[in-house]
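Chain lettering (A, B, C and D) follows the sequence in which the chains are written, and residue indices restart at 1 in each chain.
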Amino acid sequence: MGITEQDARLPEEVVKQLAEGRLATEQMILNVGPQHPATHGVFRLLATIDGEVLVDAEPIVGYMHRGYEKLVEQRDYRQITNLVSRMDWLSGINNELPLALAIETLMELDVPPRAQWLRVILAEMNRILNHLMFFQSFSAELGAITPTFYAFREREDIQYAMEMVTGGRMHFGFFRPGGLKEDVPRGFYDQALKGVRQVIARLPDYEDLLIGNEIFKQRTINVGVLSKESAYQYGVTGPIGRGSDVDMDVRRDEPYLVYDQFDWEVQSASHGDCFDRFWVLLHEVVESAKIVEQAIEGVPSGPVLGKVPRVIQAPEGEVYIRCENPLGELGMYLVSDGDRRPYRIKIRTPSYSNVSALREILRGTLVADMIAILGSFFFVLGDVDR
Amino acid sequence: MVMTDQKQRLEEARKPGFGFGLLKGMAVLLKHLFKRTTTIQYPDEKQDLSPRTRGVIALKEENCTVCMLCARECPDWCIYIDSHKETLPPKREGGRQRKRNVLDRFAIDYALCMYCGICVEVCPYDALFWSREFEYAEYDIRELTHEKERLSDWMESVLPPPPLEIGADVPDEPTPAAAQTTTAAAGARPATQTSSATAARPAQAAAAPKAPTAAPTPARPKESEPGVAAERGAVAKAESPPEASAAQPAPVDQAPATTPVEEREGAPPKEVTEEAAKEAGIGDVQAATTQVPNVEVPHEAPRPVALEPVEDPEAVYQQVLDDQRRKGSSPQVAEARAKVARVKAERGIRRGPTPVEVDKPVPSAPTKAEQAGAPVEPTPSGAPKAEEPAPEQGPVAARPEEAAAAPQEAGAAHPETTEVSPSSGEGAEDPEAIYERVLAEERAKGSSEPVATARAKAARMRAMKGTKGPGS
Amino acid sequence: MPVVERLAPEDALARVQSALGDSVTEARLNFGQVDVTCEPANFVSVMRTLRDGEGLECKFFTFLSGIDRTAFGGTDKPEKAGGLEVLCHVYAPDRAVHVNVHVPVGLEDPVCPTITGIYAGAEWHERETAEMFGIRFEGHPNPVKLYLPEDFEGHPLRKTFRLPSRIIKDWPGAKDPEEAAAGGRG
Amino acid sequence: MPDINLTDWQILLVKLAIILTVVPIGALAGGYVLHKEMAHMQHRLGPMYAGGFHGWAQTLADGIKFIYKEDIIPAAADKRVFTLAPAIVFAPVLMLYLVIPIDRSLIIEDLDVGLFYLIAIGSVGVIGVLMAGWSSANKYALIGGLRAAAQLIAYELPIVLASAAIAMLAGTLSVVGIVEAQDWPFLVWPPGIGLALFVVFLAGAMAEMSLPPFDMPVAESELITGPFTEYSGMRFIFGFFFAEMAHMIAFAAIGATLFLGGYKPIVPWEPLENIPGVVWFFVKTAFMVFLLLWIRFTFPRLREDQLQKFAWKFLIPVSLALILVTGGWVLYA
């Protein structure tokens, strides 16, 4: 085909390529977000695409930055507990845990055994809630809408158990330095057991719906591979890290609370693709359910709050405490100068580190894969932006 | 090897399929098509929310002493309080003039509120409560600032706190080791000095060192896992020392009272509790261990309590009813409480001073431990009866026998609370004396000056009004 | 892989000390974690040694941030106040060893070399630290703000930066007007 | 038929009126079934309020709501193309209904080349989709429009081949003729071949209508609503939701006609012959709708390149092979 008059007005390079018979393509900037269905919040991905291929994708965060690290410096410890609960709104009680542990470490508080066991129960139930949420959001992003509702149905019983205890459904504000705010109400054990057993009983359905589904496999296997090396470099933890064979789990490596007393496995997979991340996520639900069941069997009786001074005032010092949040390692570096407010808390949130690795694995993928990868990166924007 | 097993399953799952996975998925959906749905048709049906649900903060205006603690602790600065001072003439000839704060405005800006509940937690006079109400949306954000009238309306929907789960305990109970070490010293103290909350503790403290996991309440609800319950019961039986049960008839008279609904209703049926208790042979221990206040609110000086002799169920009914009405409980609540009291009287259950028969002696801490009132067991050993006119003994009237019976258990009483607890016989005290005493106590405890004064004032005011506690 | 070799904190400290030698000015244990202090000039080499050093292999990058110690101790104990520092935490997954690297930087034009060449994940952390503390990371591949808008003025996590929300509103918990205007406790 | 003399024009008008009433009602009913089936498969109740009984009027209420919504045309859009696109999407869908026999004599126009007509008309709508995607001045819409076009090219072929095999079996292109040729529905007879053809047809049809799992052009989690991202109000409902429903029902009816024996009983058994053909037709169409929706709710969506691969490397070879097999069957059976 010859070059028409109209073609001649195109850029020289394109004209040349047309003349040579090569098809010229042009890159296009695609702004994914800050308002986009796949970004679970205000997260923006500045994607440079060539056809359907992502040449580059730069995650842009900060739309939800609330300055937690500054806010906590203005509040006393009791107030902070309720504040950090809101960082990762899907795992509120797990956010409170490292803070409580950090204060207890500095103040050398003893936590009564009952409180420790109840903390484990609540934290693991919260993990199930969180994982079920991502189970549904991932499948919804891949276009399967039904798992959403199954997951929410399962969540409801556990959610109700959490509400019985804490009075809240997302922001629990229940851990206190030295123990818990109050003891759990009667009927909680039964409700919690009912919830977790139901989840376990229904997991085969989930596997049939997604894991065994050929379309799902096509969409996830070997898509968005995150290498083990990169995972270490970016500090990727949680189900995403473990999906890349970063077999780290604070609960096992440096047991806090009473995690060393339960029989459970750290789930990990080695391919580092979307499928493995999802696999780990789904199987961690089972492990958490196992822990909850064992913990409920064995909760000791006794008080739930140790001897705690009326005004929480951490002595001078600094400590880094990390916990296994549902999404990865949540660490708090607490610096105290002896005031009733912390001098500084550096909050190391899992989603933040995890999302920072996104750019590397998004390069060269397809637009549709980008969605699968975003979905399999299980992040909460509040946790990224803090 | 579990690990390899796991890996194998993963590899298995990653193998490409031949379309059967698709059919399986469709089967799951078809299965669900024929199941009953779990939907709750919201505006028509409503979920029964937990009593602890943090829906909205309700204000019991009478209880507010304008101490400003809530506003000061609020992380969001969303509580606005205005007040003025009012001078009252002395109650008695020659007495001092009294000043008190009058609440002019109490508003919470729910557009700012983060529902953390710190205000409810810190309120020393039980003026703030969580209500389950959540339908108070407004079209304009400015209208979300609710004044005290609206906040007071919500008191209607406040539920009493639920009873606690098996094995629950007082938060500040000494650890086993501490209990042992303090035994000797505390044992010497007359039991009458222990506060109401402490009263429940001895047996537990005694049991604790041996069997921290033991002594769950046998009153586990029926629907509970039979296996677990049985197991627990067995453990408890095996491990709890017999003295413990003997020593612990202790009706804990911490008195919730502020909550408008009879606390006891939340408790499991008494029969169940009794039976189970007999079976386990540790009934009283249980009772004591399951319900106890578990809040870190400072201990407050208990108020003198008048224990009226009550024999006839109808009389009990009337008396409680009047009492409740006078206190301003809503009619239903009053009636419910009165009925409960009557039923108890009919069954011949003799309890220690409970929130119904006797009003709450302790204004703060125990009130949040309402469950306490609940499954406390009738004591065969002739433990304190509500009817016993024992005003001088205050809340702890129940204790002497046990103290005698098991001095070492009594000794385990919490040292802290022991110090703080009021001496008995304050019923006869003059309001001014109460004021001074409470003030001194608060200072000794290390409460800040405003708090101490406020508490002292509150105590005096209550003494003057003849009410039994702020929760009334 | 779970932890293959558990080290006593003292052993961990000894290993870190012997590997880092003179490049750190201080090394001590803090709640079971190794705390080292080094000069900005040595920062990169320290991090490289930590990552690659035999028997250390802190390959997991946890976080990098800053601490402004200028108001440490408050008004009661002003003598405790310090300067500005960069704090980096790395972890050895095989040995469960934590190392906190403190790098004091000057208050006037604080500069610190970048470690993005060693830990790629430090990119975001350094950008955040830069905007929050005003510390310049030399050699950073993409030195733009991460969270804050480009035209934001000030460095929020410096102690000199006051939260506007606590200034514009009187403290409702105050018992008298002066207290209210003073902004309460925060 | 009563003996009324009508001119050709009058007959045409009556037919038009029938289509214009039946199709929207069918689409509304389809929408309601969609809501309800989806809800119950997902353990929910779905609409329960509008209209009183189990929310029967929900889709009607939705439609009215959309009609009242503001019609927004982006400033950068190519206005003429933008406004024309929904009509081009919707019109061919209406035209599909012309040749579908509801009963032996209840057909608007029994064309000799009815099957050919169905295939030809069924793919016109994509032009409208492409126009919508192009004229919206939105990158997501553009990607969606191009995906739709690519999809159509890939999936037209399997549909044509499967239909060709059906035509071979029936020996005619007339839709009524095809129904009459089915003593047993083609789905079960010839054994295996019919089922395979049905699967190929279903996959092609779903891809052509961009129903999940082949809904990459709209892919709400990736492209918001693809080509219709910028549409609102009436245009959105007609171009997107209404057309989709009507299209789905049309294909369900075509599937029921070609493979399930249309208005004829499901098995050639005397007592069943007494049930009117209309009932059979609607039952079969309803079954097809149920099946399409069921698939739609279950599966995640494919990726564009995987879909192309599936079409070119699997469906087309398979359907070519099926034509050979069918030819053999027709010759020897």
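We take it that a contact is a pair of C-beta atoms (placed from the backbone, for glycine too) under 8 Å apart; a residue touches a chain by one contact, two chains touch by 3 or more.
This structure is a prediction, so every number in the text was calculated from the model and none was measured.
Q: Could you pull out the chain whose C-alpha mean position is farthest off from that of subunit A?
A: Of all chains, D has its centre farthest from that of subunit A.
Q: Report, in whole Å, the distance between the mean C-alpha point of subunit A and the mean C-alpha point of subunit D.
A: Computed from C-alpha means, the inter-chain centre distance equals 41 Å.
Q: What is the distance in Å between the mean C-alpha positions of subunit B and subunit C?
A: 45
Q: Any idea how many Å lie between the Cα centroids of subunit A and subunit C?
A: 23
Q: Using the average of all C-alpha atoms in each chain as its centre, how far is it in Å between subunit A and subunit B?
A: Centres of subunit A and subunit B (C-alpha means) sit 36 Å apart.
Q: Where in subunit D do residues touch two or more other chains at once?
A: Touching at least two other chains: 41-44, 297-299.
Q: Please output the residue numbers of subunit A that touch at least 2 other chains, ranges allowed.
A: 75, 146, 150, 153, 209-210, 213, 215-216
Q: Find every residue in subunit B that makes contact with two or more other chains and list them.
A: 22, 25, 28-29, 32, 38, 73 - these are the residues of subunit B that touch more than one other chain.
Q: Drawing the touching chains as a network, do you get a line, a ring, a star, a complete graph or other?
A: The chain contacts form none of line, ring, star or complete graph.
Q: Quick one: which chain pairs are touching?
A: Going through each pair of chains, those in contact are A-B, A-C, A-D, B-C, B-D.
Q: Write out the stretch or stretches of subunit A touching subunit C in their complex.
A: Answer in residue numbers: 61-62, 65, 67, 69-71, 74-76, 105, 230, 232-236, 246-248, 252-254, 266, 316-320, 322, 329, 331, 333, 335, 337-339, 341, 343-344, 346, 348, 352-353, 356-357, 360, 385.
Q: In the complex, go through subunit B and note every residue touching subunit D.
A: Listed in rising order, the residues are 22, 25-26, 28-30, 32-33, 35, 37-39, 41.
Q: Enumerate the contact residues on subunit A facing subunit D in the complex.
A: Contact set of subunit A toward subunit D: 28, 30, 36-38, 52, 139-146, 148-150, 153, 209-210, 213, 215-216, 218-219, 366-371, 375.
Q: Name, in rising order, each residue of subunit B that touches subunit C in their complex.
A: My answer: residues 68, 71-74, 77-81, 450.
Q: Across the complex, what residues on subunit D touch subunit A?
A: It is residues 38, 41-44, 139-140, 143, 212-213, 215-216, 219-222, 224, 297-306 of subunit D that touch subunit A.
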